[in-house]
Amino acid sequence: MKARKFNFEAVLFVVGLLVCWQLFAEFKLISPIFFPSPAKTLTTLYERAADGSLWPPLANTTVRMIYGWVFACVCGMVLGLLIGISRNAREYLEPSLEFLRPLPASAIIPVAILFFGLSDSMSTAVIAFGSVWPVLLASIHGFAQIEPRLLEVAASLRLTRAQTLWKIVIPAAMPDVLAGARVSLSIALILAIVTEMQASLPGLGQDILLAQRSFKSAQLYAGVVMLGLLGFAANASLVWAERRLLRWRPN
Amino acid sequence: MKTALSIVHDAASTGSERAQPAVRVLDVSMQYGSAAPVLASVSFDVKQGAFLCIVGPSGCGKTTLLRMLAGLIQPTGGTVEFFGAPVREPSRDRAIVFQDYTKALLPWRTVAGNVSLSLEACGIPEPERQNRIGQLLATMGLSHAADRYPHQLSGGMQQRVQIARCLAQKPRLLLMDEPFGALDAITRQGLQEEVARLALESGTTVVFITHDLEEAIFLGDTVIVLAANPGRIAEQIDVDIPRPRAQLETRENPQFLSTRHRLFGLLQGH
Amino acid sequence: MPGWLKGWVLPVLLFIGWEAGSRAGWLPLDSTSRPSLVYKAGLDGFKDGSILQATWQTLEAAMLGLALATVTGVAIGIMLGLSSRMESATRPTLDALRPIPSVALIPLALMLFGFGLMLEATVVAFACFWPILLMTIAAVRGIEPRLLEVARTLELGTFERLKKIILPAALGRLMIGLRLAVAISLVVAVTVEVVINPRGLGSTMMAAQQSLRSDVMYAQLVWLGLVGWLLNALTHRAVRAWPGGEGAPA
């Protein structure tokens, strides 16, 4: 752990950037319609927080994202377990999964609309479908690569199948599963935003699209900032959880 | 002598049971498909409480033989009997210490947690478990490392953890597959003494595999030399050096030297 | 059954089940269509050129965005990789920008560029910039310091140093970043099209859905899957063929 010196240069850089932007905006060197000044953006953000109009869309997007993500993680892990531990299952399924992996999840949206219309169910279906892939593939990988020696130890100790699963197989695959879950979460956020924009569902995604339509650029930028913060918070929480659950790992 | 080690091995046997060999290997062979056989017609007995060392060059099938004793694989010919009953599958009675300790320990559990695994498998309830873990760790000199994770320990310590976990099973047979092969000489000698002491105090039957002839003679009551291609018994010798055996003195003991002399040629010659 | 054949069992069974189920009336034709119709719609789409045109539009936007990301990512990556002062000065800013989901920039890009190629390309560029930047920094940092010393001893000018030593040495890791970026570029391009942009495969799929032509929609979906898979396979090959591509640790 390096000692943390106060990073003057970074602060200078950020401050410098913001100051330049602010000055450009003030002196109308950049169009205020397209590039509202940082001051305006922050003020808008503050106002919306103060009058409470910020929280419902934030909550909506967050709930949507987490709902779909949890569903995807459970399915992904269970399916990953069933497929990963069976060589046979892997041989039958892996080629199809490899083919589906590069498919853009958003391409499912028209299909989902066909079945669910422009609704919350459509959003959940798309988010779940899109986010299942990273955690599914990572789980398959993790469960397929359990150290055989550990399984021999389990056999030697006469552990039941349930005990082997709970005490050995699942903990052994956890690093892979959690890494996959982290990627899944960022995909879940993206798809939450996309489906909101698509189906005009309440949330930050819809917010910024509406802001664009009415050329309320400060509101747009404020929304983008919020989404950045949401993305950051989501990832940071998972990194924290991962570090705690996997604290047994070297380095 | 009732020591902490009596928890390791409950010796309760009738007269007839005591006479029965712990392990009987009868005409065992191992062949994969039509390839050259790995083992051909190996037969030997291991008396209860005895310490058998099997030594041989790489590829002589000693690990295969040990895994058969454990029940992890089945011979293609012949039988393996454990206290009179045929060995068909692994059992908690036959604990096996693997050479690659990094792969045999659960990296996500602490030292105490790893030892606990055996006790959990045996169905020991929680409070009793803690007692036994404490005793076992003390026996193996691991008390100070109870809350450490395997990757934080040296090779010798990790191997001790594996041994502790095996002892927790209260096995009637302890199988050790070149357990000290990956360790440095000093650690190896220390662990040799410990294993010898443990075996003596608990009376557990031990089958110990090694490629190190001196280690085999130092530790064993009996030494079997396996020749390779195919694996077969080249020689079986009893080592009558009294126990406990100290490292330095034993290695200068005339019987040690003569046995070593005799077996050395066998290992080189074939 | 040989391994490669096993992989086909499930898809073949699914298609047969789909066709049979549809013909038997168990599956609603409007929303699920059936393989024979989908196939026909696909063929028609190729014959009248609509699928290829849409594919080209998507790929065009993806490649343009990828190019923009590569130029900026590599340039900035080299600068930050070589100067740890600059890297630590800019790190908080970059760390603040990175978590912004690329799709959140769609309305912004729409406002600046209106509908069309640039809208997509800029969003793709933002998404692809990050893996390329990070990989370039790692690649530059990973250059054997001895080589940089050699460059200084030979008194090569900055540009020459770049051309002769830095770029070739960094290329291996860079290729791995590029491989990831290629996959991202396709996904983001299609996403922008699905959401809002009236060009490319994403929007034609949406149009098909809206005009209740599910056969056309599925045909394009399968085609998109093939394109994605092919792109993936090609970039894998390219990275492996490049000297130092596959061997360099990610």
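To keep things simple, chains are lettered A, B and C as they appear, and every chain counts its residues starting from 1.
Definition applied: a contact is a pair of C-beta atoms (placed from the backbone, for glycine too) under 8 Å apart; a residue touches a chain by one contact, two chains touch by 3 or more.
All values derive from a computational prediction rather than experimental measurement.
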Category of the chain touch graph - line, ring, star, complete, other: line
Chains linked by the largest number of contacting C-beta pairs: A-C
Most centrally placed chain, judged by C-alpha centres: A
Far-end chain from chain B, centres as C-alpha averages: C
Intercentroid distance (Cα basis), chain B paired with chain A, Å: 50
Centre-to-centre distance between chain C and chain A (centres being mean Cα positions), rounded to whole Å: 18
For chain B paired with chain C, centre-to-centre distance based on mean C-alpha positions, whole Å: 56
Chain C-touching residues of chain A, taken from the complex the two chains share: 7, 9-14, 17, 34, 91-96, 98-107, 109-111, 113-115, 186, 189-190, 193-194, 197-198, 204-205, 208-209, 211-212, 215, 217, 220-221, 223-224, 227-229, 231-232, 235
Chain A partner contacts - residues on chain B that touch it in the complex: 70-72, 89-92, 94-96, 98, 100, 103-104, 106-110, 117-118, 120-121, 149, 151, 169
Chain A-touching residues of chain C, taken from the complex the two chains share: 3-4, 6-11, 30-31, 85, 88-93, 96-97, 99-108, 110-112, 183, 186-187, 190-191, 194-196, 201-202, 205-206, 208-209, 214, 217-218, 221, 224-225, 228-229, 231-232
Chain B-facing residues of chain A, complex: 147, 149-150, 152-153, 155-159, 163, 167-168, 171-172, 174, 246, 248-250
